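The data blocks that follow each hold one structure.
Both of the next two complexes hold chain A, though its partner changes from chain B to chain C.
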Partner chain A sequence: MQADVFVKKRWNSFIFLLILLVVTFVSIVITEFNMAKGLASLPKALQWGFTNFYPDEMALTKLPDILNKLRETVLISVAATTVGAIFAFLFALFGSRTTKVNGVLSKVSRGIATIFRNIDISAWSMILLFSFGQSALTGYFALFFGSFGFLTRAFIETIDEVSSSSVEALQATGAGYFSIIFQSVIPSGIPQMISWILFMIETNIRSATLVGILTGTGIGFAFDLYYKSLNYHTASLVVIVIVITILTIEYISNYVRRVIL
Partner chain B sequence: MGVDQSVKTVSADSINSFHLNEKKRIKVKPFNKASLIIQLTIISLVLVTIYTFISFDYSDINLFEGIISTFQNVKIMFLEPHFKHFSFVTALYQVMITLGLAFLTTLFGALIALFLGFFAARNLSSKPVSAAIKGFVAVIRSVPTVLWVLIFAVAAGLGSVAAVIGMTFHTVGYLIKAYSESFEELDEGVIEALKASGANWWQIIFQAVIPSSMTYIISWTFLRFEVNFAVAVAMGAAAGAGGIGFDMFMASGFYFDLREVGVITYFVLAFAIALELIATKVKTNLKTSA
Partner chain C sequence: MTTLLQLNHVSKHYGNDTKALSDVNFSVKEGEFVSIIGPSGAGKSTLLRCINRMVDANSGEIIFDNVDIAGLGKKDLKKARTKIGMIFQHYNLVNRLSVIENVLHGRLGFKSTLAGALGLYTEEEKRQALQILGVLGLQEQIYKRSDQLSGGQKQRVGIARALIQNPKMLLCDEPIASLDPNASKIIMDHLKNISASMGITVLVNLHQVEVALKYSDRIIGVNKGSLIFDGPPNEITAEIIEAIYGSEAGDLMFDLGGQYAG
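Right, the complex of A and B next:
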């Protein structure tokens, strides 16, 4: 009997590996990915990086301009996350199993959030580019839609996880809907929600770079500009500035998380 | 009569003392560091948001018109999609390319991250090694994926090679963090018991660490696969990686064809939602079996 279990287990892992191999092979063929070229390009890229990809004195003169663009990007990311979080909270209240008003509304709000989440930020930015043109608002709305979708899912899970028993207790005492929300759902869920918001800000600053490249705004545009004019020294300075910003924000949010969770 | 009086005074006393007590106690929300930080965080987020809206450059943009035209555009996109520069089959093939890119990067990333994750976990390796890997990985993670792809594109040329390597970098950074944290949750006693019985490092890994954190590994990897699909779409658009993202970029940036963007969005949406459903299913399956 026990031998059977092991044999079955071995068979299962063998089949799993076989499927993995086949899918890998198909993917390599379909994407025209060249393994040898990929491996060969790694040392080449490293060598190129060390010889060309570092900031020089010329690049440093561009620093004020870069920092200005960075400021714009960070502000937009934070604003998009905050406003997205407010909307997401409302939708999460309607969507969550414990706090929903009725089943239909819950399905609708979950559905809206699913659609917003799964249309990628890059798609949003291209759609919005038609209406807002090359402006900061394009990036703002793209990030806002993405944050809204993601945070709604995260908040729904948080509310379901944290507050189902306390909501039930308050309902038993006859508390009204709003007192349940303000006395139970918000206090018990807020640390987790803030943690998600901070995570979203980090993600948004990274995505803002991508949106910037696509829509011509903020720090992404700065990178794209220097990169395409082959000014790699300045482009590397942009990368360094982004890295420092994201590490700083990560540090701050880790600190906040440590204290509140 | 006398008894009645005393009852009254007692009840009055108790009411009084209750009122007195109320003034002093009932701190439902005790003021501590955590709530202070929560309030500070919320206030600063709101302030930054207000400042952002004030400092926006609205000069050559009409917010209201923009929002209305966005609605119209979205309506056109989703209600009147059509194929012009490619057919249904080509679009499907392009989505497959994007899926392939996502799969390859997730696979390579997971393999590398699994190996390095053992060394990054504090309980399986030494403190300096773990700190070094985690610090290095934090830097890798903080560079946006698109920049990795563009940086590698200089050496490898624009295309799937640069895209896969660039995206793998970011995937490795992300997965090492996820894996090593789930390894660290392993009960210290299990490792100790295996060590005491004379098991070597590899035996500990294969007999204790991997089996007990398999659930985490699978769900993190699948989550990353979902993310990588979205990233692969974006890389097609921003870094010439090919696939459906590139078609989207052409449709919106060169042909200005909203209806075609709509078709592509439907394709991406369908696959993304399918992936999400599979992921949820895999997760619940793992939870019930574990």
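Right, the complex of A and C next:
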């Protein structure tokens, strides 16, 4: 009997692997992807990268300009995240099981957050391009909507996870809604919420690059511009600057997270 | 002594067919120490939570301090809840706040929205908090974060939070289920002491029959949402235990003979 369980488990893994292989193969056939050709072109791509895609002296003269654009991007990301977080917190309070005011409002706010979350940031920037044109505002709102949707979801989970027990206790003492929010939900949830906000800032700086390409603002636009004008050396400098920025931000947010948790 | 709490025909079902409580009737006098025993899932927690409406009963009357709790509006319910302290199995403290802050949370029910949100407590309230913490032997822990305390200490903070409400009744939902025997004894002794010296009615859900026998003035036995037994500990017999727990009393891990030892 016991042996059967293990045999069954092994069969399950085998069937799963088989399905995976079939799916891969079918996709290759449908897309007419040539594995051998793909692999063969890899060295050539690398060679091109090493000969063209590195910053030279000329590129370094553009550095102040790039850093200026970078500052714009970082600030927009931070602003979009923090403002998004404020709205997300309000919606999370209504959406959470622990702190909801009533069932209808909870469903509505969860629904709104889901819509905002499931439309990708790049899609948002394309949509908003029509309303705001090629300006920093477009990028700002695209990031804002994306952060808002994601953070609402994350905050709902945080509130339900960390504060439901103490909320119950305070309700039992006869405390009012706002007392419960300020004395229990915020103190117990704040480290996780800050952690989520830091994570969102990181993600947004990454996305801001793409959004910048689409909306013609910030560091993404700088990359796009140099790349399309065949100035690969400067474009590579932009990439390096972005990577350094993201690593720095990640380091800072990891440090902050360690301190507050 | 006057009757403080009276439950008449209280029923509660979750969904359509899960009956949690069916037609529960009992009354509790002022200052009494009453234990509710029964197997897991018998409806002990639901019964306790129906009293302060953390769970809404489907039908029946819950008369506490001459007011029918079941019929109260939001505002009056909050006012009624300030007179009932509650203690939980998992303490339900705000872990990141200090002991004294957690204790003062018991006063939030008496505060205006603004004072409650900002956590503005009077000098008098703070003094009372310190005094209660002293009685419970937590004077060393006042400014510690609650998550640095042991289980027994956390539960004492829970008791302090309930006591600072100046309640007429304490509802204790499995207060010692997560504690070791030592800490359990300390907690039960404090609860007994509260009931005896302050005249506060105590209603405790318990898993441990011998603890219920030792500490209670009266025991209520619940099984499958119905009251099986309601009487003093010395009336409990092996047959009654069997009716409550649905097994031979001899199979259970306790000794009825020892009930008068403590």
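Simple rule for what comes next: the second predicted complex is superposed on the first by the 258 of 261 C-alpha atoms of A that agree within 3 Å, B and C clash if a C-alpha of one lies under 4 Å from a C-alpha of the other, contacts with A are read in each partner's own complex, and residues count from 1 in each chain.
What we mean here is this: a residue touches a chain if its C-beta (ideal position, glycine included) is under 8 Å from a C-beta of that chain, and two chains touch if they have at least 3 such contacts.
This one's a predicted model, so the numbers in the text were calculated from it and none came from an experiment.
Engineer: Give the label of whichever partner, chain B or chain C, reaches more residues of chain A.
Structural biologist: B
Engineer: Classify the contacts of A:195 with the two partner chains as first (chain B alone), second (chain C alone), both, or neither.
Structural biologist: neither
Engineer: Name the contact category of A:114: first (chain B only), second (chain C only), both, or neither.
Structural biologist: First partner only, chain B.
Engineer: Can A:187 be said to touch chain B (first), chain C (second), both, or neither?
Structural biologist: Touch partners of A:187: chain B and chain C.
Engineer: Classify the contacts of A:231 with the two partner chains as first (chain B alone), second (chain C alone), both, or neither.
Structural biologist: In the superposition, A:231 touches no partner, neither chain B nor chain C.
Engineer: Same chain A residues contacting chain B and chain C, which ones?
Structural biologist: Common to the two interfaces on chain A: residues 187, 190-191.
Engineer: Give the list of chain A residues in touch with chain C in this complex.
Structural biologist: Against chain C, the touching part of chain A is residues 163, 165-166, 168-176, 178-184, 187-188, 190-191.
Engineer: Can you tell me which positions in chain B touch chain A when the two form their complex?
Structural biologist: 29, 33-34, 37-38, 41-42, 45-46, 48-49, 51-53, 55-57, 60-61, 63, 66-67, 69-70, 73-74, 77, 93, 96-97, 99-101, 103-104, 107, 138-139, 142-147, 150-152, 154-156, 159-162, 164-165, 230, 233-234, 237-238, 242-243, 245, 248-249, 252-253, 256, 258, 261, 264-265, 268-269, 272-273, 276
Engineer: Where on chain A is chain B touching in the complex?
Structural biologist: For this pair, the touching residues of chain A are 20, 23-24, 26-28, 30-34, 37-38, 41-42, 44-45, 48-49, 53, 75-76, 78-79, 81-83, 114-115, 118-123, 126-133, 135-137, 140-141, 187, 190-191, 194, 197-198, 206-207, 209-210, 213-214, 220, 223, 227, 232, 239, 242-243, 246-247, 250, 256, 259-260.
Engineer: Any idea which chain C residues touch chain A in the complex?
Structural biologist: Residues 52, 54, 77-82, 84-86, 88, 90, 92-97, 105-106, 108-111, 113, 116-119, 158, 161-162, 165, 171.
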